[in-house]
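Okay, here's the structure, questions in a sec.
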């Protein structure tokens, strides 16, 4: 059991909010923020840095958004569902975009292969917190 | 002219993206992140701290989201409109919620009065970057 | 093996820098930043919030410093030993202070008990990166 | 008067701590964090990106450390001088290193010229908070 889960169990606050899923999303966001920061630095050190610019930027954006999402999710005693949904929609988008770009470099840069996997995991963990309502909006948004 | 604006003018990148509005939103987010961090600390020092819990949490969430928004907006050379819109929707919501709660304490805590004003300014600056399309989604979301 | 360690192994960069210790410090800082954010929120929800003010502030400072330390350590391809030492000294101090205060509340707040342990682990992981060399250099700096 | 200064004036807390200097350092750190984030992105978009790697990394480290310093300084109601000193020493080092590297590119990249100036200003504002006392204490620590 991760400390995120232990801390949620030890905290005052609503009990019916899916502690397992929230802890999983917190852990996934923390992991993704770190991995993306590391991947941006590794990309910058590669010989083909000019070809890695988009990847670096997507890594940096993803790290910042996952970091903020992790912190907001960690404040679980007062849960603003509307705020969380908006933030998760941004986070899912950032993870999906970063995973897609990293996957393009996965065969020649091992750090991109790992980062693509971590981003996909984070995308899944965040999607699991978004209810039907929010996903419909996401679909409408994506179709627009 | 703020450094945010000077830096956008000095950066390679698309020129038709409303540099004035982006710089204004960057400055407003930076200002709001700092003010909310400061307001949370001041609330925590007040005699009526138990009545200020919601305000403190909203301050902390708003600071984190404004901080991430500011950083993503500052990466302007490659602009992902869909990501920015999602993040701005979260930021507008965080600022509006924090402004509303701070306003409730404005007459007895001067830091809350200032913070409410700064949050409203940031909300406006972020809304100015959201096009009609995004605002309609926001409206649908708020009505749901 | 954590992703931090996998990413360091997969990254271009100096190989003689103690990858195991760096990865351990990155993981410990990420864990500590999240746990402290969560502990601050749990403290804020407790009935005796007025007695928890110092704990909340120490949690928030520790979360911010661990977060920055984790990000700087993750940029391992170019390693500025003097910068890392200074940052680690701040991080060790923040973790030790937060652990001490949390320990005072450990018997009545389980989140503080967990947080104290996590802070102590992070303090140890950061100290392990601070060698004699760094401490001597720091002394020279302070005398200069 | 900046909001940082207004907020310090409006906050409960010790009054003899040099509010003018603290507010100046908060503003300088916020400005520097934003400018460095922007400079890293602009460097990444330049044709000579391979020559800008060090600059990008120094920008990213400086942005993270200035960001954390700004947040810790903003929690002024409870002021841990030893923590602040350690953090300021890291911040001064990061700003000086980033300014030096940016200055090397100032004549061909306008964003680096601006960033070098902003980093120097932040270095000065942080140094102004580091008194003799703090440096002596640090020396004692390093010798202990």
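We just call them A, B, C and D in the order they show up, numbering each chain from 1.
Rule of thumb we're sticking to: a residue touches a chain if its C-beta (ideal position, glycine included) is under 8 Å from a C-beta of that chain, and two chains touch if they have at least 3 such contacts.
These figures come from a predicted structure and were not determined experimentally.
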Practice item. Name the chain whose C-alpha centroid is most distant from the C-alpha centroid of chain C. Key: B
Practice item. Tally the contacting C-beta pairs at the A-D interface and at the A-C interface, and name the larger one. Key: A-C
Review point. Once you find the CA centre of chain A and the CA centre of chain C, what distance in Å lies between them?
Key: 22
Study note, to complete from the structure: Per the C-alpha centroid definition, the whole-Å distance linking chain A and chain D comes out as 28
Point to revise | Of all residues in chain A, the ones touching two or more other chains | key: 41, 44-45, 53, 57, 60, 67, 71, 75, 77-78
Exercise for review: Flag every residue of chain B that touches chain C in the complex, lowest number first.
Suggested key: 40-41, 44-45, 49-50, 53, 56-57, 60
Practice item. Give every residue of chain C touching chain D within the complex, in rising order. Key: 53-54, 57, 60-61, 64-65, 67-68, 71-72, 75, 77-78, 80, 82-83, 86-87, 89-90, 93-94, 97, 135-136, 138-139, 141-143
Review point. Can you list the residues on chain C that touch chain A in the complex?
Key: 3-4, 6-8, 10-13, 26, 30-31, 33-35, 37-39, 41-42, 44-46, 63, 67, 70-71, 74-78, 109-111, 113-115, 118
